[in-house]
Structure formats: C-alpha cells, structure tokens
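Could you have a look at this structure, given as structure tokens, before my questions?
Per-chain residue numbering starts at 1, and chain names A, B, C and D are given in the order in which the chains are listed.
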C-alpha cells in the first residue's frame, strides 16, 4: 500500500458569466486548497475571475486557471474535435495569461492550470494535443503546475516537456477499467452521495488505486482530489471528503506543497 | 517650433472575430512600427491574436495590446458609461494578460497598451477611470508603455502613477479647440484623403501642434501617429503618412525607441 | 374609488442562457397568469424558450415575449442609449417572431409583448422609440397585447397606433412622484418583503393609485401586477400578492381576459 | 434527357455580424432569385437581416431563412453532432420565426428555408434529424418551401411530412459517387473558376445529372442552383452561371414559381 502524507483538494469555481452564477463558490472555497477558475471562453468573465481570485486569496487557496474550449453556450462541453491542435493550445495560452494578469491586479498569482470540458476529454487521450498544451504552458510560464487526470496522456506529455504535473482523481465520478472517467451519460457515472465520495477519496489517496465500474482495482496516482462544483450536494461532498481524509491522517495542502 | 527626431507610427489590427475579418492587416503592418492588437472582448480572438503577433514579429513591428469594452456586437463603440471604474480596469488587465501569454507562446512580447473605443473615449476625459487603468497596467507589468491620446486625462494619470506613456495624434481625425477628437458623426471628422492625412501628420510631428476645426493652433505632443485601419484608403493613408514623414527627415521607430 | 374586477399577474421567466439558470420558473409559473419569456438577446435561448413555453402551456399561463437590448453579458441592463430607434424596433420584431415560432412548434401561441431592461426604461420616456416599437409590434402581429408600464410613453404610443395595451404596475418597486420607477440603485427602490409587496398590489389594484416615495398618491392604471423573478423571495412575494388580491375579491386572469 | 424550363438561382447573404461583413451582398442579389439569409445564431443579426430583406425586396428576390447551429464563433461549421435532434429543430423554429417577423416589419415575407453548415451536413444524412426539421418547419408555417440538397435525406423527410421541398445543386462544389458534396478539405472540392461553375450548372439543369469526382454520372434533381457567397469570385461565378443558363434557354425564376 502506497502511503500519501499530503494531498490537495481542488474544485472548479467562478463558472458564472455576466449576470449568471453557478455553484456556491464561497462555501466550496472554505474547503478546498486549489481552485480552478474559468477564464472567459466557456464560463467566467473578467469580473467574476477577479472576484474569485479575491475569495481564494482571502482563504489561502491556490489559484489555478481552468481554460476551456471557445464555447460559452455549450459550457465547453460540446465536442469540437475538428479544431486544430495548435489552435486549441492558443486558447490555453490566452486564458492562462488573462487570469495571470487579473490575479496580479488583485495582488495574487496563478500556480496551476487544469483543462476544462471537452478540451480536457480530448487531451486526456490525444497525445498530440497533450504535447501541444504542455509546450504552451511551459512557454507561458514554466513554473506553472499542470493539474491533469491521473493516468491520462497529459501525464506523459508533461513529463516529456519537463513541466511539473499533479495527478488528480475524482471522488464523485466512476472510472472504467482503463482508468478513464465513465461518460456522464452513463447511469452511475456521477456519484452524488457525499459519504460515498468521501470513502472513494480516502481509498484513492491511501491505496493509490480505485475500484472500476466492473469491480477491478485500477492504480491511480492521487496528488489532488477533485470535487465538482456543479454536482448536487457539491459543498456537502467537499466537506465530507476533506473530513474523511483528515480523519485518516492525510494532510490537506495546496498543490505547490504536494508536488512543488 | 519643437523638433522631433523620431516618431512611432501605429495602427489597430487583428480586428476580426471567428470567421470575420476587418482591414488589410498584412499591408498595414508593412508600414507601421507599432500594432494595437484587439484582445477578444470587442474584436479579436485568440487565433487571430496569435496570427497578428506573428505578422508583427516577422516585420519587427512592436506588439501592443488594444483592450476594449466587453461588447463584441457593438465593436466596443457603444457607450457603456454606467459601468464601474474598477470593473473597466479589470477588463484591461484581462485583455493585456491574454495577449502577453499569446505573444510569449509565439516567442514575442507586448510593449504597449492602448485603449479602444468607448473605453478610450471615457478614459480620455474621466480622470478616475484613467487613474484606475494606469494603476492596473502598472500592476500587470510596469514596463508597459501606455499609448494615450495626446492631451487627454490619461497623460496625467500615467505621470501620477509613474507609468511611461506615449502621446498619440490622429492623422485622419479632426480636432476641436480643446484638443479632443471631433465625434465621428460630425461631417469632416474622419479624413479619408491620404494626402491630407500625410500633411496633417507632418504638421503635428514637426510643429507639435494641430489646426482645429475652427482654425486655431492646438499644441499636441506627438510620440506616435495613428492611422485607423478601418478608414477607407487605410493602407494608402498609412503609406502616405510614412513617406511624408520620412521625406522631411523624421525617423520612424517603434514606441520603445521613442519614449523608452 | 375605481373598482377592478380582474387583474393579470405577470413575471419574467426563461432568463437562463446555455448552462446557466436564473430564478425558480416552475414555482413562479404556478402563481402567475402571464409569463414574459426572454428571447435570446439579453437572456434566454431557443431551448430555454421552448421549455418555458411548455411550462406555461401546461399551466394555462399566457405566453408573452420579453424582448431586450442585444447585450447578453449586461443582461440587457446596460444603458445603450446611442442606438437608433429603428434598430431597436428591429430587435423587437426579431425576438417576438422567434418566440412566436418556438411557441407554434410547441402547439402554443404568443399573446403579449413586454420590453426588458434598458430598452423598456428608454421606451418609457422616449416617445419616438415607443412609437417605433408600437408600429413594429403591429406589423408583426396586430393581435398582440403590449404590456407596458402604467403611465409611460408606451401607453400613448399604443393608443396612437391602435394597438391594444395593458398597463402594469410593480408590487416590488418604489415609484417617484411622476409615476416612474425609482432607480434600482436608490435605497428602498426594490421591496423584498412579500407582505409589503402584497399590500401594495392590493392598494394599486383597488384604488388605481400608488403612494410614491415622497408619500403622494399617484394614479396608476393596473391591468397587470408584475412580480420580478430575480428578487430575493420572488416566489413568496408572488404567492403573497396573489393570495392578498384573491382575499379582497379580485379575480386573477390572463391578460387576454383583462384587456382583450 | 430531362428538360427543365425553369430553375431558381440561390445564394447565402447577410452573413455579417455586428460590425463585420462577409461577401458582396448587393452584387449577388442582382443575380440570384432566392437569397438565404443568416438568422443570428451562426451569422447575421437583426439589423443585417432587416437590411438584407430590404435588398431582396427591392430586387424581387425571394426571401429565404438560413438557420444554422448555435455557434457564432465557428460560423456554424464546427461539428456539434452530440446535440439532441429536438434541440436542433428548436434552433430552426427560432431562426425561421425571427426572420419572418423581421421580414413582416419590412413589408416582405419568407418563402423558403435552407439549413446552414454542420446542421445541413448532418440533416443530409441523418433521417431522424431531417424528419424533426421537416415537422418543425411545417408547424411554424406549412407554406414554406424547404430548399434541400438534391438526393439528401431531407428530400424524403419533406415528402413524408407533406412539406414542399426544392432540390438544390451546387455549381461550385464537387460531388462524390453517392451524390454527396466532397468535403471542403479535399483538393478540388471547391470550384473557383466561374466558367467551370457555369458549365456544371448548365449540365446539371439540362441533364438532371452531374459528373462525380470519379467520373461517373450521378442523377440529381435541380430546382435551384446554389452559388456560394464566400467563394473567391462569387459574384463573377453567379453572373456566369446565370448567363450560361439563360443562353441555353433556361428561365431563371424564384423558387415559388419553380416548385410552388
């Protein structure tokens, strides 16, 4: 059994746009140690980004960029597989840079980057896209930590580029035998019960493995545990995950202290 | 008579969005020494920004950010005077940071910032907004040069903040007695004849003054001459302005060499 | 004292966009008799419009179009007063027609039109805009009822054009001595207490007048009472208003039965 | 040989948005007999729609709606195949209704509907989507003519629903052996030479067949010939096609006279 002393807890936030809001950002930011902030192309706008950076800074939560596809209406979840890899990488640089400047304006700085939606789904399995994103992040700021799905093509792409990555696992999502997330459309793919999320988080962090939908044990490196902000019971789930991890002696710490 | 050895020549570019294009960027970038690149909120998108940065870098043209109001449909020209000053400043940091990262990805860097549309019109006369923008630019990157309308409130705001500014004059726009641009809706406000634009540019650079619509001589500091990219005959006008300035011995040089 | 046997109760709904939602539409539609559905330019999208039409049809609630300025990010509340009157009228025809077709697709039809946000604020005092909108609605479908702020320029514009109008009063907004809504930024301009909203609604419907912020009695025709959907306690307020009106013997009926 | 006395000539127009323009609409509308007007979701906005309707009405050109996917940035060409069929049908009703009202405001009316971009590509081969769109058009206005790609699944869907359809052929696009358009990415897929476009148009209209990329003769019903507005030489090609058809005695007439 692999023993992990420290783990980061991350969530997405700042996912409103204009007059619209999504999720209970204040409550979630009281629980997590890293926040992935939407950067304006699938959600988020400059004002919401600035506000979310202030919420994070006031709580000592690490600020992460959460770049997505250029698709506000589809919330970055529509599949846009036809777009060239270099174009998608440019969307990443745009969004990371935008958040960096907004953070500087607020006296804070960005420590990590995590891809959103269909951009993440594609980069998880498309090594060419993963490599292009790794190169881009490194060019924009080589000190950034790339927060990537455990076991995905992004892990290797980061290593090849000499970029620091952190592997995240999902407490509220089911995994298949290949270690990939089961699609949201599959029954049981999203786990809403806070207690089950908490159990799964402890299992993943302490054992370095997760039970797949077919019951197999799949090894997964867990530098960070993600709780989705848009799941029903998101705040309860996040609190339950944190409490359960602390109860078994795991230290919850920002990403920079886990993989820095 | 004030003698100016060097002057920058600037134009806006990258003002398309998605499948739409505006202006003949390649031809204009063959003539100017600084380009103001739209950053996605009133025009421009990440892909067009990257392309425009490459065009500029290939020609040794200085890369400037051209942040505008959050209003794609109105091209940043609709009057949005109700928006809070700090919110508008945040729009600036977002856009400048976005271009900085896109430029880094392309191996280039941003040297200047110029406000667009109704954001510029308001900051030209609203000292509180001008000060907020100056503070923001300084926080984002204090080495940036703020390209501002000659004689506007932005000149003083930059000085108060210790931010380097460069004063620009418009060869293709009429001025009133207060040294402000005559509104576009006024007959004669936009000068389309390339020869007249060129004469006005030489007059402004050599004399440090411009003749207003009522015939008075208005003093104007001219570190840079702007030729609008969306005027009919924009390319001809830009070439004529450059040729006329060179013909009287003025050196055309990037902004960093004029005010750096 | 003027006696009103019947009054309509209206609210805005369908004000989400893409993945975002705003307000508790199902609960509000259980209470009102007319719903003003956002049409895609300041909020609402085709899918949300179709869903809201279905919610209304299932409850026998009258379907109204709620056209606004072309400004999703500003939720149609930014002041865009520079736009030509005929252009604003065209925005109205676009949005009304879009909802008419979406309603037909769902086996329903549109019975009323109410302007949103800064488009309404301007048409309330700008007789030229009010006239242009009246002409447009008549051209698009002369059987439509124009739901207008009581006492506004829109009342006269509808009469001049021979278009049926219905005057609405706001139970949750303070009025000034001229019978106009106090600006939202004024303390006390938005009334959140459901009991006070209910009292005001009864007063307005039974007396045909409202007490202004300075304590004067201002005459106001009340064919419909509006409860905003985005006020805190919106559903409670709507229920309280309806119960209070019914308690004093006022019949709550769709707009077509009140002014048809 | 099948003899066709009359054929319609159609093009897309009104494909600008906000301050952006695309194509030379005035010149194209001097040549065609039906115009497909973008309706705001992939291109076009209410003001451009109104202007294009006026251009068409002034020339006796038939007004058609050109609904597309909800994707302005991608110009409706990004593949969004994951979207539910009923949702896509709702996008069609929204856009058709919007143009109908804008046309009524201008004293004109809509006579046809043609799908745009990836919405058309999918409906050409997806019988379920084609059927849903046919039902939607019929519900919105059963007198509308559905302008569909010759030989596509839309032809059968219209017939099944009792909706009048008109088959269009493309003078400027190559066809494969199944009678489908060769993808734009294929070399030779877009034919830019006006003379070749004209020859192909005459061949298709007179023979009721087209030579595929492999040299086979593919039967194609030609009620209307489309010339794309965004092809280089679009206006020259349209003029050449019209002149060539008239030279061989084909009458060019609006869609309603061809299939009405």
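Simple rule for what comes next: contacts are C-beta pairs under 8 Å (C-beta built on N, C-alpha and C of every residue); 3 or more make two chains touch, one makes a residue touch a chain.
Nothing here was measured: the structure is a model prediction, and the numbers come from that model.
Which chains lie in contact with each of subunit A and subunit D?
B, C
In terms of C-beta pairs in contact, which of B-D and B-C ranks higher?
Spelling it out, more C-beta pairs touch across B-D than across the other pair.
Specify, for the interface formed by the sequence copies subunit A and subunit C, whether it is same or different in terms of residue numbers shared by both sides, with half as the dividing line.
Subunit A vs subunit C: same; shared/all numbers exceeds half.
Distance-wise, how many Å sit between the C-alpha centres of subunit B and subunit D, to the nearest whole number?
Computed value for the inter-centroid distance: 42 Å.
With chain centres defined as C-alpha means, what is the inter-centre distance between subunit B and subunit C in Å?
One centre to the other, that is 44 Å.
Touching two or more other chains, which residues of subunit B qualify?
Within subunit B, the residues that touch at least two other chains are 45, 70, 73-74.
Please output the residues of subunit D touching subunit C within their complex, sorted ascending.
It is residues 40, 45-47, 49-50, 70, 87, 89-91, 93-102, 104-105, 107, 136, 139-141 of subunit D that touch subunit C.
Under the touch definition given earlier, write down the residues of subunit A that touch subunit D in their complex.
70-71, 73-74, 78-83
Which residues, counting only subunit C, touch subunit A once they are in their complex?
Residues in contact with subunit A: 16-22, 43, 45, 72-75, 77.
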